[in-house]
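The structure under discussion is supplied below as structure tokens; questions concerning it will follow.
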Amino acid sequence: MDKKLKIGVIGAGRIGKIHARNIAKLNNVELISIADINVEAAKDLAIKVGAKKYFSDFLKVINDDEIDAVVICSPTNTHAKLIIESAKAGKDIFCEKPIDFDIEVIKKALEVVKECGVKLQLGFNRRFDHNFKKIKELIQNDELGKPHIIKITSRDPKAPPPEYVKTSGGIFMDMTIHDFDMARYLANSEVEEVFAVGNVLINPEFEELHDFDTAVITLKFKNNAVCLIDNSRETSYGYDQRIEYFGIKGCAIAQNDKPTNTIILNEKGVLSDKPLYFFLERYMKSFEEEIKEFVNSVLNGKNVPVSGEDGLKATLIAKAALISARENRPVKMEELL
Amino acid sequence: MDKKLKIGVIGAGRIGKIHARNIAKLNNVELISIADINVEAAKDLAIKVGAKKYFSDFLKVINDDEIDAVVICSPTNTHAKLIIESAKAGKDIFCEKPIDFDIEVIKKALEVVKECGVKLQLGFNRRFDHNFKKIKELIQNDELGKPHIIKITSRDPKAPPPEYVKTSGGIFMDMTIHDFDMARYLANSEVEEVFAVGNVLINPEFEELHDFDTAVITLKFKNNAVCLIDNSRETSYGYDQRIEYFGIKGCAIAQNDKPTNTIILNEKGVLSDKPLYFFLERYMKSFEEEIKEFVNSVLNGKNVPVSGEDGLKATLIAKAALISARENRPVKMEELL
Amino acid sequence: MDKKLKIGVIGAGRIGKIHARNIAKLNNVELISIADINVEAAKDLAIKVGAKKYFSDFLKVINDDEIDAVVICSPTNTHAKLIIESAKAGKDIFCEKPIDFDIEVIKKALEVVKECGVKLQLGFNRRFDHNFKKIKELIQNDELGKPHIIKITSRDPKAPPPEYVKTSGGIFMDMTIHDFDMARYLANSEVEEVFAVGNVLINPEFEELHDFDTAVITLKFKNNAVCLIDNSRETSYGYDQRIEYFGIKGCAIAQNDKPTNTIILNEKGVLSDKPLYFFLERYMKSFEEEIKEFVNSVLNGKNVPVSGEDGLKATLIAKAALISARENRPVKMEELL
Amino acid sequence: MDKKLKIGVIGAGRIGKIHARNIAKLNNVELISIADINVEAAKDLAIKVGAKKYFSDFLKVINDDEIDAVVICSPTNTHAKLIIESAKAGKDIFCEKPIDFDIEVIKKALEVVKECGVKLQLGFNRRFDHNFKKIKELIQNDELGKPHIIKITSRDPKAPPPEYVKTSGGIFMDMTIHDFDMARYLANSEVEEVFAVGNVLINPEFEELHDFDTAVITLKFKNNAVCLIDNSRETSYGYDQRIEYFGIKGCAIAQNDKPTNTIILNEKGVLSDKPLYFFLERYMKSFEEEIKEFVNSVLNGKNVPVSGEDGLKATLIAKAALISARENRPVKMEELL
């Protein structure tokens, strides 16, 4: 019988539950343990997914000799510390994004990961979305030509409550960071300069929290691709996730997914479904895919598809965007290095 | 300077106006005269389109030596007589469909046309529609393979008033006749057998008039293609005109045209325009094309694209459909010959 | 803790595997046993889904006191017998369609089910498809009006091999039977008359097997709805599953599902994905739903959503269609009663 | 009989021909004269559209007492002079965009127009496009809410030859100027700041001509709307003209128009038509509409729908964009005043 990867999951919240369930479905994995500071939550999840151990202490997962790899789904402010501990314990690591809001903290964590020679995959799940993967494949097969213009629309259905916003790191770090990663992934180049505009148009509370609820960002890449990103914290029609890649050979457009393909014709017009409501619905399959890829990378000794460096770079772009929006000027990435 | 075709138009009603205006736009035509039993209507139209003569007497158009060709847009019960007179006067003829409701009358008219050696084009304008022409081109380029299943949806926005229904010849002769012609055109074969179902589901008045407001028809062709036609005299969403051609190499679907391609996303869903309202909007370009083709055929001595035979055959299928719907049995076309 | 339904699965083939895996995902079920004449297949599947028992003898599942309900996925010719045995053993039953090709055999099985007071749900999974369910909801909310015209397109990607065709019961019993059930489900009425046309256009072998590879069927319902079904055993573009419901208040159209919503614009045009390849991909979610509904119906003492009567009626329509196609005449359903 | 507007057309090139033909179709206009420095071109066009006079000298049109209004379609460098002459002659003016590349020249011309009390309409035809007009109507009916994000995609099918580029005024003045006008029209506010990125990715010759072939522009409006424009001088798939307006109440998207709505399903996927090839096809109806509106405005003493001020403002934004792209910084519009 083939070797199974033995995994422990840290954090039994929304995203921890998703990962634990997806891990439990995989044939080449044994899900050993769940940890959460709320031990009841850990226990409940452990029972549901058939994990035999549960803890309130995260380190009990990490330092368990039975474990090969750790999946970190705890709050952001614990990520760097847990990465370091896991690396030191020789465990391969899957960690939710972002590693941290502080660039130095991220760099330190990545150093330890490197020193310890363990794998670290970041949770940029959108790279595994079926629609966006198709664009990536077209690019890799050179069906579209070099990137001239990339456009990413990413709009949430409903603005989060102020308590969430406060600890979110701001729109660029919390929301656009996914788009920054996607832009790098599709442009296949590094960002050279960032110009960002941030507005508060939906809820004045964002102003008080020194954050924005609406933003547009221009990214200039080293290969001359330009990427336009537009974000809104709220729409009237659900979760809006579209991508367009324009090259001289062709243009690929990833449109929204919808609950059904049934349309209705009546006296009002032709009506079709709104997009899938939010990221849990829209990106459910991508969460499955990213964990499957992580497991395969570890078991087969391959590079992980989203590295710690990818996480660092997206965070740096988010920093640059914030400076740009506040100072109303294009910010060169080299300013941040 | 190239020869111009000199045309007289008989009938200044809705369809007469459309043809007269389209003729007036052509560079290789001189529109000489308009006739209508209402001479004021003839005069008004003549002024608008720059025709120098107008009459109440149809024969004055036909027997005018200056005229090369006649466009017949008068009521159906005058068509056969005017075709015969025009043919005898040596004029080429464009005539609105149908030639007549009586098969013997049609045959007689076609005989005279043949004897006199003039051209006769029937007004099956949908053959010239941009969407349907594209399907025909795909067929001609053998991109779809032999026809296995053809589907035609043809639904009017609003049931006509009883006075119209009375003289219309019934749903198969008035409405489906266009679909019968289209089916022959796309199947590229002759109908062997007809099975029709007629219902009165919209307005009980149709029952009193011994007509149907809803119908579905199955046509079996000599080449084994089967065509399914569905008709309704009324919809809640405008004019529904769709065609599907399925062969083993591919399937082509002509969808509805719409006033705009603008869509709206809001809390109700994604809303797009209803189809173009009725045949005047939907088929406007096809009316232009059919007259242009008629003029070109006459000037260049080519066969007209829709012959008198085509008109006869569509009428025979309509007869068969009526027998089938009334007797609830498949009717072989040879029964009518 | 809530009561769990204890289930045994008979048949570990393609559809048995799907049902076993879907059952294993449910929280309110305990999957106890798997049987297959190939005991290795039963064992493998039992291990994968966590069932503790496996057998080669079907009766060992049925007569196990630990079992509440049986899911029958064995070959069609065993269905009636297993239904009867299960009913006599007091087990609720989920059975794949069809119950049998012989009407008398079906009736006998349904009688025993009735006498024994157990539940029987048939595997017409398409009723649980997200697109078609939406049409049903629109009908139930009276957003479309009474049914005037229903159209069902159901085309397979690839003709099956002759050995399959031989035992399939023919196109109407094997393929169209799903469409017959869907037509009844959407029309909300019983079929009065059937007119079917069958052709062999794809592979002459179907002729030798006295079967068709292309068929169109007209169903007349008691409530005057008319349904047009078109079937093909093969397309160039995958699995084509579309439904249209036209009433005076509106028209609903269920379009095909596709692997991605990404489109490509290049010099050839605008290209989007083909439909999902075949029924396993297209209807995967509906298989999950039907089992979930079966379990809920049993646990909560409710009527099952697809009854044995539904299976009988669809089979009767298939019989009528075959008579119609062979004798080229409309067949009244009362002829078969 | 109602008064007819007597019009002279200056310039018998591509756009002059379009306007002359559209004018000739209007019932409330008499097309009197055509002028072109190539008098044969003027004569040919005059014959085709039924104008009784033709000249090589533009002033003969302007100073003709019979004329009420002048339509200026001559090269850009003649626009300001002809506007001034026409205004002084008391003629109402329709002029193709832009008035001039020099802001002072434009201001001077507008002053004279004002002093002389004549009307001046600029040729921003896209405001009259059916798809974009629908967005404007939705905005006016407050169905979308205040503008948060506006996105305009405007890409040409084929890069123009160097000789054209040389005299075009550059991409912002030649191509984006339409988008700048559309942005102001939809945002219903004035631009405060411009950030532009220009690249040469298609043809290095643009570099030598100090122009760009690819550009993206961010416009910040006084009402906090942000507009993202992306331009390319060349695509592989024709003319790409799309607009998106996002407000908190809804999002409207104007998609491309296509020659047909026929789709083909085959082994390659689902293929539909490319967008209409270029602006002559795509915007043909809008050219008709703008002239019709001009005539109606003059005859009924109403404000023209696109003013000289609109022309000036779009030109100022183009200037700002050029500065921004060259100096890589956001440019405030007040810098240019």
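Residue numbering begins at 1 within each chain, and the chains themselves are lettered A, B, C and D in the order written.
In this text, a contact is a pair of C-beta atoms (placed from the backbone, for glycine too) under 8 Å apart; a residue touches a chain by one contact, two chains touch by 3 or more.
These numbers come from a predicted model, not from an experiment.
*Asks:* Please work out which of A-B and A-C is bridged by more C-beta pairs in contact, and write that pair.
*Replies:* A-C
*Asks:* Averaging each chain's C-alpha atoms to get its centre, pick out the one most distant from chain D.
*Replies:* C
*Asks:* Averaged over CA atoms, how far is the centre of chain B from the centre of chain C? Could you give it in whole Å?
*Replies:* Result: the chain centres lie 43 Å from each other.
*Asks:* How many angstrom lie between the centres of chain A and chain B, each centre taken as the mean Cα position?
*Replies:* Chain centroid spacing, chain A to chain B, equals 58 Å.
*Asks:* Provide the C-alpha centroid distance between chain A and chain C, rounded to the nearest whole angstrom.
*Replies:* One centre to the other, that is 40 Å.
*Asks:* By the touch rule stated above, which residues of chain D touch at least two different other chains?
*Replies:* 235-237, 240, 249-251, 265-267 - these are the residues of chain D that touch more than one other chain.
*Asks:* How about chain B: which of its residues touch chain D in the complex?
*Replies:* 130-132, 134-135, 138, 143-144, 249-257, 259-267
*Asks:* Which positions of chain C touch chain D when the two form their complex?
*Replies:* 235-237, 240, 265-275
*Asks:* Would you pull the chain B residues touching chain C in the complex into a rising list?
*Replies:* Chain B residues touching chain C: 145-146, 148-149, 151, 155, 193, 195, 197, 199, 201-202, 214, 216, 218, 220, 224, 226, 228, 230, 232, 234-237, 240, 246, 248-251, 328-330.
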